[in-house]
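Structures are listed in the sections that come next.
Both complexes below contain subunit A, partnered by subunit B and then by subunit C.
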Partner chain A sequence: MTKEELISKLKTIVQPYIQNEDAFNNLSEATDFINDLKINSANLVDVILDVEDEFDIRIENDDMEKMTSVKAAMDIVNEKLAAK
Partner chain B sequence: MIGNDIVDLKQAAKDSNWKRPRFLDKIFTPREQQLIWSAKDQDQMVWLLWSMKEAAYKVNVQQFGTRFFNPKRLECTLLSNLKGEVIIEDNRYFIESIITEDFIYSIALIASGKSYKSEWFLDHSQDYDAQSKCLKRSFLKTLNLDEVTIIKNNIGVPKLQHNSDLLDVSFSLTHHGAFSGYAIL
Partner chain C sequence: MNNNEIIKLLPYQQPFLFVDILTTISNEGVTGSYTFKKDEYFYKGHFKDNPITPGVILTECMAQIGVVCLGIYMLKEEISKDNKPQIALTSSQVDFFLPVFPGETVTVVSEKEVFRFNKLKCKVKMFNQKNELVCRGQISGMLKAE
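Moving on to the complex of A and B:
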């Protein structure tokens, strides 16, 4: 999967939970889920569960801990996919 | 230092399905899950524990300057209906909560019994930004200080700024659904 494909999949996953359209439209690796997209933290759990379902992976709490940005989510997904 | 968190129960019911597989496991320790399943009002218990963790987390971030997303690392204990504690590793936070049919509001402090000022209010504007602005305006109004603005530092913690100086004041802002609240030491 290319970087662009991964970003686009993550973008689809976060869309239902975002509270800032501008940040969503300009979503990049640097986008922060909470500070930029204003996703409420209970919904961040949904984002993580949706990522698990989409990529058929399991994210441990130690990995989840870092998943506050698009870049961090990409790193973790790539790592988990590589370990499959 | 002080942290607060408000949960609009109607909004939470709309936005989150906590019965979704693996949802509780990501957030709550086995002991907390026990509290939830044995509660008379399970929804209320989920969001009470959640707001306690959020409020405590906000203090922890101010103290140590590191953000993380791992609600399970914070463990709640209920001392009574409206008082509790949250432990993160070696740190203990004292929590006072308000529970109504419509919302749950928790305040976290490092020392119990410390005096603070806090208020919650209804805000029906549905837009996140409008609500955030209204909350900041209301909070600044109660401070009654001239030329003070609210900025966020590099890790997203709100600070009061006067001219170009950061004021050494701990406060916390929260809004969710139709409810907003602020707390200041």
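Moving on to the complex of A and C:
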């Protein structure tokens, strides 16, 4: 999967939970889920569960704490996919 | 932790406690009930001269029994005098089918859908004394003990 494909999949996953449309439209690797997209903590859990389903991976508590930006999510997804 | 201990740990009191008893509880779900007293404070205003239990109160009753009591049960290992349960309602989607009048007893049946990363999401139903479906929906909250 290319970087662009991965970002596009993540974008689809976070869309239902975002509050900031501008930040969403300009989403990049540097986008922070909480500070930029204004996703709340409960919906961040939904994002994580949706990422697990989309990529068929299991995210642990330690990963969850790190997974606060697009870049961090990409790293974790890539790491988990590589380990499969 | 027994069912009465769970109710004692609830962070609510009169006039906003909507749990009388819990009949069954496990890591998969909970069943409990509440009787709406004839003199609950909200009947004076909802509606004028026509007391009917507000939907938000039915939702609250479902959340207290179905999500908060269940969450406290699941966090039982972590709860202590210094680690009280911390809770926040994060979403609710409820459809209503029948009215609940003053004096009625309702039974709430909740099934855990997911409990991960402190978020508890449940499928919750409420039944009246005739075992008719009053309302049903999905309620989520964030829960932890600290």
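Everything that follows uses one rule, which is that the second predicted complex is superposed on the first by the 84 of 84 C-alpha atoms of A that agree within 3 Å, B and C clash if a C-alpha of one lies under 4 Å from a C-alpha of the other, contacts with A are read in each partner's own complex, and residues count from 1 in each chain.
By definition in this document, contacts are C-beta pairs under 8 Å (C-beta built on N, C-alpha and C of every residue); 3 or more make two chains touch, one makes a residue touch a chain.
These numbers come from a predicted model, not from an experiment.
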item	value
First (subunit B), second (subunit C), both or neither touched by A:Leu81	neither
First, second, both or neither for A:Thr68, with subunit B first and subunit C second	first
Partner chain(s) touched by A:Asn20 [first = subunit B, second = subunit C, both, neither]	first
Subunit B versus subunit C as contact partner of A:Met1, first or second or both or neither	neither
When both partners are placed on the shared chain, which of subunit B and subunit C touches more of subunit A	B
Partner chain(s) touched by A:Ile34 [first = subunit B, second = subunit C, both, neither]	first
On subunit A, the residue positions that both subunit B and subunit C contact, one per complex	40-43, 45-46, 48-49, 61, 64
Interface residues, subunit A side, partner subunit B - complex	19-20, 34-35, 38, 40-46, 48-49, 52, 61-62, 64-68
Of subunit C, residues touching subunit A in the complex	88, 90-91, 114, 116-119, 140-142
Parts of subunit B lying in touch with subunit A, wherever the complex brings them together	12, 15-16, 20-23, 26-27, 50, 54, 67-73, 128-129, 152, 156, 176
Contact set on subunit A toward subunit C in their complex	40-43, 45-46, 48-49, 61, 64
